[in-house]
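So, here come the structures, one by one.
Common to both upcoming complexes is subunit A, partnered first by subunit B, then by subunit C.
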Partner chain A sequence: MTKIQINGREVEADPKQPLIRACHDQGVDVPMYCYHPGLASVGSCRICQVEVAGAPGQPSRVVAACRTPVSKGMVVSTDTPKAHDARRECLEFLLKNHPLDCPICDKAGECDLQDYSFNEGQGEGRSSEPRRKLQKRKSLGDVIVLDEERCILCSRCVRFFTDVTKKAQLTVEGLGSRSVINTYMDKPLEGNYQGNLADICPVGALTSKKFRFQARVWNLSKTLSTCGECSRGCSISVESLRAKEVKRIRPRYNAAVNQWWMCDTGRHALAPLTRPQAPEGAVLGGRLRGAAVRGYNGLELADDVAALDLAADMLAAHPGAVVIVSPFATQEEAKAALALAQALKATPQFVSPAPNALKDDLLHTGDPCPNRRGLVEQGFAALEPAAALAALAAAPSAVLAGERVLELLGHEGLAKLPTKLRLVAFDVETSDIPALDIAFPVPTHVEKSGHWVNLDGCVGVLNVAVPPPALVRRLDLQLAALTAKLSAVPARS
Partner chain B sequence: MKDFPKYLLSRVGLPQSHTLATYRAEGGYRAIEDVLKKPWKPEQVIGVIKDSGLRGRGGAGFPTGMKWGFMPDITKDPRPRYLAVNADESEPGTCKDRVLMEKDPHGLIEGCLIACFAMHAKAAYIYVRGEYRLSYSRLQAAIDEARAAGLVGQNILGTDFSCDIWMHKGAGAYICGEETGLMESLEGKRGHPRPKPPFPAGSGLWKSPTTVNNVESIFNAPFIVRNGAGWFKSMGVPKSTGNFLLCISGHVNKPGVYELPFGLTARQIIDEVALGVWKGRKLKAFFPGGSSTGLLPASMVDVAMDHDSVKAAGSMFGTAAMIILDETASIPQAMDVIARFYDHESCGQCSQCREGTQWLHQIFRRIAHGRGQMSDLDLLVSLSNGMAPAKTICALADAAAIPTLAAVKHFRHEFEECIRLGRDPLAPQPQHAPELHEAHA
Partner chain C sequence: MVVVQRKALTLAERLYLPEVLRGLSLTFRKFFEKPITRQYPEQPLPTDEVTRGQPRLVVKEDGNIACVSCGMCEIACPAYAITIDGGETDRGIEREPKKFEIDMLRCILCGFCEEACPKDAIFMSNELELADYTRAGLVYDLEKLKRPKSALQKRIDYVYRLNDRWRSKQ
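On to the complex of A and B.
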């Protein structure tokens, strides 16, 4: 570490890092477009210009902070007229051909060009020249669409593929003011990481096809959460429109897990989170609206306290229950399930589906169990769906608990279970399973708080991004209530 | 003009001057033989080049010996090191390296060998401008000939000095004449200049120490090694020693490439070397060193042509490519052409350069076609100050901004006249203003 001065403050800086990093580490804002801490720096946008004092008797210099190494005794100012002027000039050039279509641009509200123009730029453009006319919506594959006019050619997207996925797919085509971003040979982009382009694009040039025109970003509430698509457990930000509907999932920087990135599988896993509820009064055809009990006409909605009493009585009457939780169960839910298993004298187990083909060298582990490590550490045994179904078929009674547990066990296999099985399920949604006697709704992992432990032992946090529907209670509380009813009979009297 | 010794072009007029036989007959490869057989130490070679005061002929005028001295110590840094010869001569007005490569390729080869010896370089890469087909084939033939004669390759002249020389053909981009752009291009990538630091001597070609020199700078080396630094310093002026190749073009009676000592005035060169402005007209302005140097008005024609005097006059010596404009030439038209060149050749990395070169071109185009506004002139100055000096990765933005600033400074009245009249009074014929995309086609 070496001592430098930033805006009059003496600070310690890492001489191996560029100056911009030292500024950011100290909470000093230096704008950036081409620079991204996760990518190789090219120093081309020149927006990060700051003033560095010269040697004694020498005039100060304006330098690009992303390409200037930290050197001992450096005196840096980011807030001087000279530095502001350099950045203002740079912005004027960047805006010369920019279409300024912010009102219809998805990036508006989180656009670096917009923000820095607002902070540093001049109110009026001086150009009377015609703006460049380029392709406004060029498809780059299934995930990303490119607006060539908005592009400021920072080349972050090009470097994302060369530096992060290590498979170059994009390039700058043409020279000078005729440069555009394109894929090699006009081929569509491929791979499971394309969605990151929309995040790293500092302007609205690369936008996500799925999120395009879905919401204005200033109406989105961001909630810190963890991705559940694999055992990596990438840190994410769940963005919901007016705290009601999840509109977008984006990665959140976590040095130990996913850095700045996430895969498209996780990013686009919105369907299970935005499932509509079953029709009014119905049990099937959507999310469970409340507790359901099998009556003469199949599963029917019932009072949840009564249903819980019924479940306790049923499980007590048919000892030897099997307890299987979902790999989506949080540590807190797992703890409650453990207590239930103890009360039922059952072995705690969780469904562990086979690894999928999405495994890659970057983030995706191919293991669809986000809390595998946490569950194993708590003493749960992994159970393949087929083995689980066999155990269920032989058991007198069973409790299946957790988000997507029925789906992961396989609705088809569950439908074939003998009806003599007394089956209690806690899941988001249920299908027509003849053996199912009592079902309770649970929140999805964006509707609850809790923790998952990823494959490396890093704890990922879940927070409530959208409230669960009415009558959907926390799974750990439901399980605890059931355990209490089962074991604490003296408490009743 | 008094007579002066010549050496650079001494072999150029000879029959079959590009062959090894002619070169040998004229004392060729004597310098490298001397260096290898005596033997010289590499530091001695660098020392004599430093002593001679040779300044790079590629435009910046940086002392060549000092540049060679920047290469890291061979005992401490085991990486291979390279010499890259910049033969991508594409500065408008410059045509000197071509003469050397076409007429005297062995001189360049010997220069490369000496430079490689001095810097412990294992190979030299000559990056030839793509359009220079004859230069390429002559140089390639000369390398083959020299290789067959044991002058290039393993164990040169039976010593343990080995050095290879490879050719690389550019594909027509001006930016590949910028040293780091050239290295990127040599490595097979887009010719996008690299930010400095790291400098080429620390991390150049394939991340190894590299020195990039102009053809003419390298060409001087054998002469200095053979005749000594004192001989070299006896020519030119104290701070710009030796002779240089002048490329003079434009409105003169006898344009061409001439070998001259530093220190002659621009007036002497125009009148005595190029035999005056053509058609008996008067001089209006001249670019002293290629289109990237600020043009100077006729009133400054008595400036001495050496690095420091031209700099003091507010321009640059550049590549000594004088472009002469006579009194009938229109500065707005000339600037339209020049701005178009930089717009076309900007690599597009840096914001200021990519957008700025296009903007300058658009403004000059409008003015030259009678659609200018008075506010444009201040805008030109303001934009140029936003692009330069040293605000971008390489100097191309500066190269576009410098002539703009000079033209507006010295010929503001001419631009104002164009804007006031709504047409260019000096334009050769009735004009129509093509839109920019048309101009690019």
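On to the complex of A and C.
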């Protein structure tokens, strides 16, 4: 560590880091467009210019903080007229060709260019020349759309592919004022990490096709959460509109797990979270609206307390139950399921589907069980879907609990189970399973709080981003209620 | 203690009838004057460009809505009356509202939306009447809010004049 002075304050700084990092670590705001802590710095935008005092008798210099290493005894000022002037002049050139698109731009509200223009820039342009006219809607594959006019050529996107995914796909094409971002040979982008481009783009040049014009970002409420698409458990921010619908999922910086990035599989996994409810009064065709009990006409909605009583009676009358939870079960739900398994004298197990082909060497582990490690640590045994179905077919009764447990076991396989099996399921949605006797609704993982343990043992937190539908209670409370009822039911001889 | 001395009545006042006739003379005089009351709703209120009636959305001469669903009016609205959902369009402007609702029961006719709009797409019309049998019927959707630009032209010119005056003072 080296001693330097930032804005008159003596601070310790890491000489291996660029000066901008030392400023940010001290809470001194230095604007940046091309610099990103996760990427190599190139110093192309010059917005991070700060004033550094020269040697005695020499005038001070204005330097780009992202390309200047920290050196001993440096005297840095970010707030002097000289530094402000340098940044303002730089900003004027960046804005020279930037269209006044803010009303239609998806980035508006979280745009660095907008923020710094507001802080440092001037209100009106002085140039009488027309702005560059370029392509406004250039598709770069399935995920990203490029607006060439808005681009300030910071080349963060280019470096994302060279530095992070290690497979260069983008380049700056053309020279001078004719430069534009393009893919090699106009090929569409590929790979599972394209969505990050929309996050790292400091302006609205690269935007996500899925989120395009879906919501204004200041209307989104952001909830800290964890991604459930693989056992990596990336830290995410779940962004929902009017407390109703999840509109976007974005990565959140976590040095131990995902740093700044996340894969597109997790980013676009909105379908299971925005599933519509079943029609009024119906059980199938959408999310379960309430407890359902099998009657003469198949599954019918029922009172949840009565259904829980019925489930307890049924399980007590048919001892030897199998307890299988979903790999999406949180630590809290797993604990409640463990107590239930003890009450039923069953081995706690969880469905462990086969690894998928999405595994890569960056983040995705290919294992679709977000809480595998947590469940194994609590004493749950992993069970392949085929083995689970075989165990269910042989069992007198069974409890399946957790989000998407039926889906992961396979609806076709469940539909073939013998009807003599007494089956109680806790899931978001059910299909027409003849063996299913009682079903209870559960919240999805953006509708509950809890914890998952990822493959490295890092605990990921889940928070309520959108409230669950009415009559949908927390799974751990439902399981605890069932356990309590079972202990109260006298064993039948 | 204040002692109020009662005024002694004159003879004419004590006779009562002359005073009644004096009062009635005013009443009868008014019979022959122009009435100052208005037979609303047969005779509607006079409005001009300064009237801040209900906000309406401008439909441009080419038939397209001027709004790009940027959400400025939504965030400026102090009564939370406006709800907008944007979407993509094939037009050059790329973005247009798919849902634009103003809850007229919430709207306080303050005109902030008009002031916030960067696209000259929402203006306070001279429409002031508001009646329905349900609350839901008073949540106006895109179809109920659209007005041709010509219908709002007087107000648009007025707002432009105001803005020019504000600019010249800078």
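To be clear about the criterion, the second predicted complex is superposed on the first by the 487 of 493 C-alpha atoms of A that agree within 3 Å, B and C clash if a C-alpha of one lies under 4 Å from a C-alpha of the other, contacts with A are read in each partner's own complex, and residues count from 1 in each chain.
Basically, a contact is a pair of C-beta atoms (placed from the backbone, for glycine too) under 8 Å apart; a residue touches a chain by one contact, two chains touch by 3 or more.
Remember, it's a predicted structure, so these values are computed and weren't measured experimentally.
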Touching partner for A:C102 - first (subunit B), second (subunit C), both, neither: second
Partner chain(s) touched by A:K136 [first = subunit B, second = subunit C, both, neither]: second
Touching partner for A:N219 - first (subunit B), second (subunit C), both, neither: second
Partner contacting more residues of subunit A (subunit B vs subunit C): B
Contacts of A:A484 with subunit B and subunit C, given as first, second, both or neither: neither
First (subunit B), second (subunit C), both or neither touched by A:A168: neither
Subunit C-facing residues of subunit A, complex: 102-104, 108, 136-137, 212-216, 218-219
Complex contact set, residues of subunit C against subunit A: 68-72, 74-75, 85-88, 92-95, 118-119
Residues of subunit A that touch subunit B when the two form their complex: 41-47, 49, 61-62, 64, 67, 69, 86, 89-90, 92-94, 96-97, 126-130, 152-153, 155, 171-172, 174-179
Contact set on subunit B toward subunit A in their complex: 173, 175, 190, 195, 197, 343-359, 362-363, 373, 379, 382, 385-387, 390-393, 435-436, 440
